[in-house]
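After this come two complexes, each holding chain A, first together with chain B and then together with chain C.
Presenting the complex of A and B:
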């Protein structure tokens, strides 16, 4: 799930499909900067949002977006799709 | 779906509605008319449509940092223009004036551009949200009703603030309006710091504090304070520095505007004939 080379920021991919996040739960290392690469495979736009991570970004349909997070402390960081919050829910567990 | 549309559109509308309320209150005091507001709203909506329809390519530009860079640029420009507007209206003997060296006209023009930029920023998200439901006959009606309610609530809160500001005692009016503008400028610069952090142009640091237990950002009051004074439950140092810089810029503009007019007494405005 986490791909990294020695020097580059680790990249973690998330896919949005049918207004759901895949995977809906991510386990990431603490104190590490991570590059989230989010692919929205739905034809409709979605907004990745997390109050805990202080992140918010619109991702138009059939496109990809990059969001940097971390370094984070251990804990749970929920995120959701603001346009379809009933289904698009996920969380990042930082250990 | 209904409630979600109400909340989402309310969030997006609120900030612009509060900004319009403050600028409208000042313009009413200065008797600058309202035409600037319609120019700003209409130009902003048109440009928001253009940006929204090209958001895919904007987002992918600058190594996927395009959307954040655009937002940060809009927010920084709003901050600078608010400081320029404050320069124009500080140091006046009367807070009511006829056209003074063309200042009131220039102030109205500045307000127009500020509103335009604010509408571009918030409008593109609303347009993208609504566009997602255009093809869905199942949801479109619910979403449109919810969005109208959200828009209505946002606009009502703006109207309430406008009348509350106009109803303030005379001595309180100008300081309150200037403080709100300073906090707004700080908010804009702080939000642009968040955008730049999101794309790693500013280094992410640990939040300075976490007041989400005391007042959650997603609560009604949290959202209102976020829109009015830029409340954040978990601000970083970069955000606080940006916030202070925005406020500092407006204070500097107010000081310099006051000094300029003190040293150019011949330019003092004539009082409005009642």
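Presenting the complex of A and C:
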């Protein structure tokens, strides 16, 4: 869900739980800067990583972190958790 | 923004006065919490008009993040030339400070602080500088503007500065081509670089950078080859 006020950057929340991203798939608008607010509810750290988004950010256990992305062109941008790459996977669909 | 431009303009007015090898790593303004790294850097210069030929500089470092904003690194620096055998000659302590989140503002900002001591001479050097990076599509443009102060009984006190810039194209993780420009004392040089990273397992990766930097004026080294290997864990 994208939440925004008239002047602020839209905020999208992602939760990490049991080494999985929730939601694992996001649909975001093109040409818009987005603030991802990522909550890691696991006790262990995780790293949000995406070469396509040119972003990497460690979120230590039981904490939250902010990642700014965009403005992006339409397309698919996969991301994964570098600490648990086999399970922590997701993608952003920009339309 | 006007203040930032003014500060950069003032610092640029002192560019072109840094001793030693100006061609080296170009820093990016980002810090990853919990990250540790081992680093090796080498710069080999040939046909230098103002110093012994075949000058070589090596750096061995261990670094770790202190939190999500600060990264500390300790270096041992060695050198070698046609006239001198390899010798570890300095220790350096470095702090990098990430000032803004990536993508938060028009550009991403950081600062660099360094204190160095030559081992067997009374020579100290303290430096600080601004790191800025701007992403434009698949291009990432980075600039480092560093001001240094040297002092001690074995060296004349002086203020020096360097400006280095890198543009890299994020082709893919293994292979990113780019170009680098170096401006400092006796150095005005430009050349192609290639870099990338190889990852395996859970948060283990090797980053590498290599470049051939060519002098643009008579004072500059004709050719500098630089290599960086970084193991992150």
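Rule of thumb we're sticking to: the second predicted complex is superposed on the first by the 95 of 95 C-alpha atoms of A that agree within 3 Å, B and C clash if a C-alpha of one lies under 4 Å from a C-alpha of the other, contacts with A are read in each partner's own complex, and residues count from 1 in each chain.
Keep in mind that, in the parts below, a residue touches a chain if its C-beta (ideal position, glycine included) is under 8 Å from a C-beta of that chain, and two chains touch if they have at least 3 such contacts.
No experiment lies behind these values; they were computed from the predicted model shown.
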Q: Evaluate whether chain B and chain C can sit on chain A together after superposition, giving fit or clash.
A: clash
Q) Should A:29 be classified as contacting the first partner (chain B), the second (chain C), both, or neither? A) neither
Q. Is it chain B or chain C that touches the larger share of residues in chain A?
A. B
Q) In the superposed arrangement, which partner chain does A:10 touch: chain B (first), chain C (second), both, or neither? A) neither
Q) When the two structures are overlaid on chain A, which partner does A:61 contact: first (chain B), second (chain C), both, or neither? A) first
Q.
For A:44 in the superposed arrangement: first (chain B), second (chain C), both or neither?
A. first
Q) After lining up the shared chain so the two structures overlap, which partner does A:82 touch, if you call chain B first and chain C second: first, second, both or neither? A) both
Q.
Let me test your reading of the model: by the given contact rule, A:69 touches which partner, first (chain B), second (chain C), both or neither?
A. both
**Q.** Interface residues of chain A shared between complexes with chain B and chain C
**A.** 33, 45, 47, 51, 54-58, 60, 65-70, 82-83, 85
Q.
Please output the residues of chain A touching chain B within their complex, sorted ascending.
A. 9, 33, 35, 43-47, 51-52, 54-61, 63-71, 73, 82-83, 85-86
Q. For the complex, which residues does chain A have touching chain C?
A. 33, 45, 47, 51, 54-58, 60, 65-70, 82-85
Q | Partner chain A, residues of chain B touching it in the complex | A | 1, 4, 8, 55-56, 59-60, 63-65, 67-68, 124-125, 128-129, 131-133, 135, 194, 197-200, 204, 206-207, 212, 216-218, 232-234, 236
Q. Touching chain A in the complex: which residues of chain C?
A. 30, 32-35, 68, 101-104, 135, 140, 170, 172-173, 199, 202-203
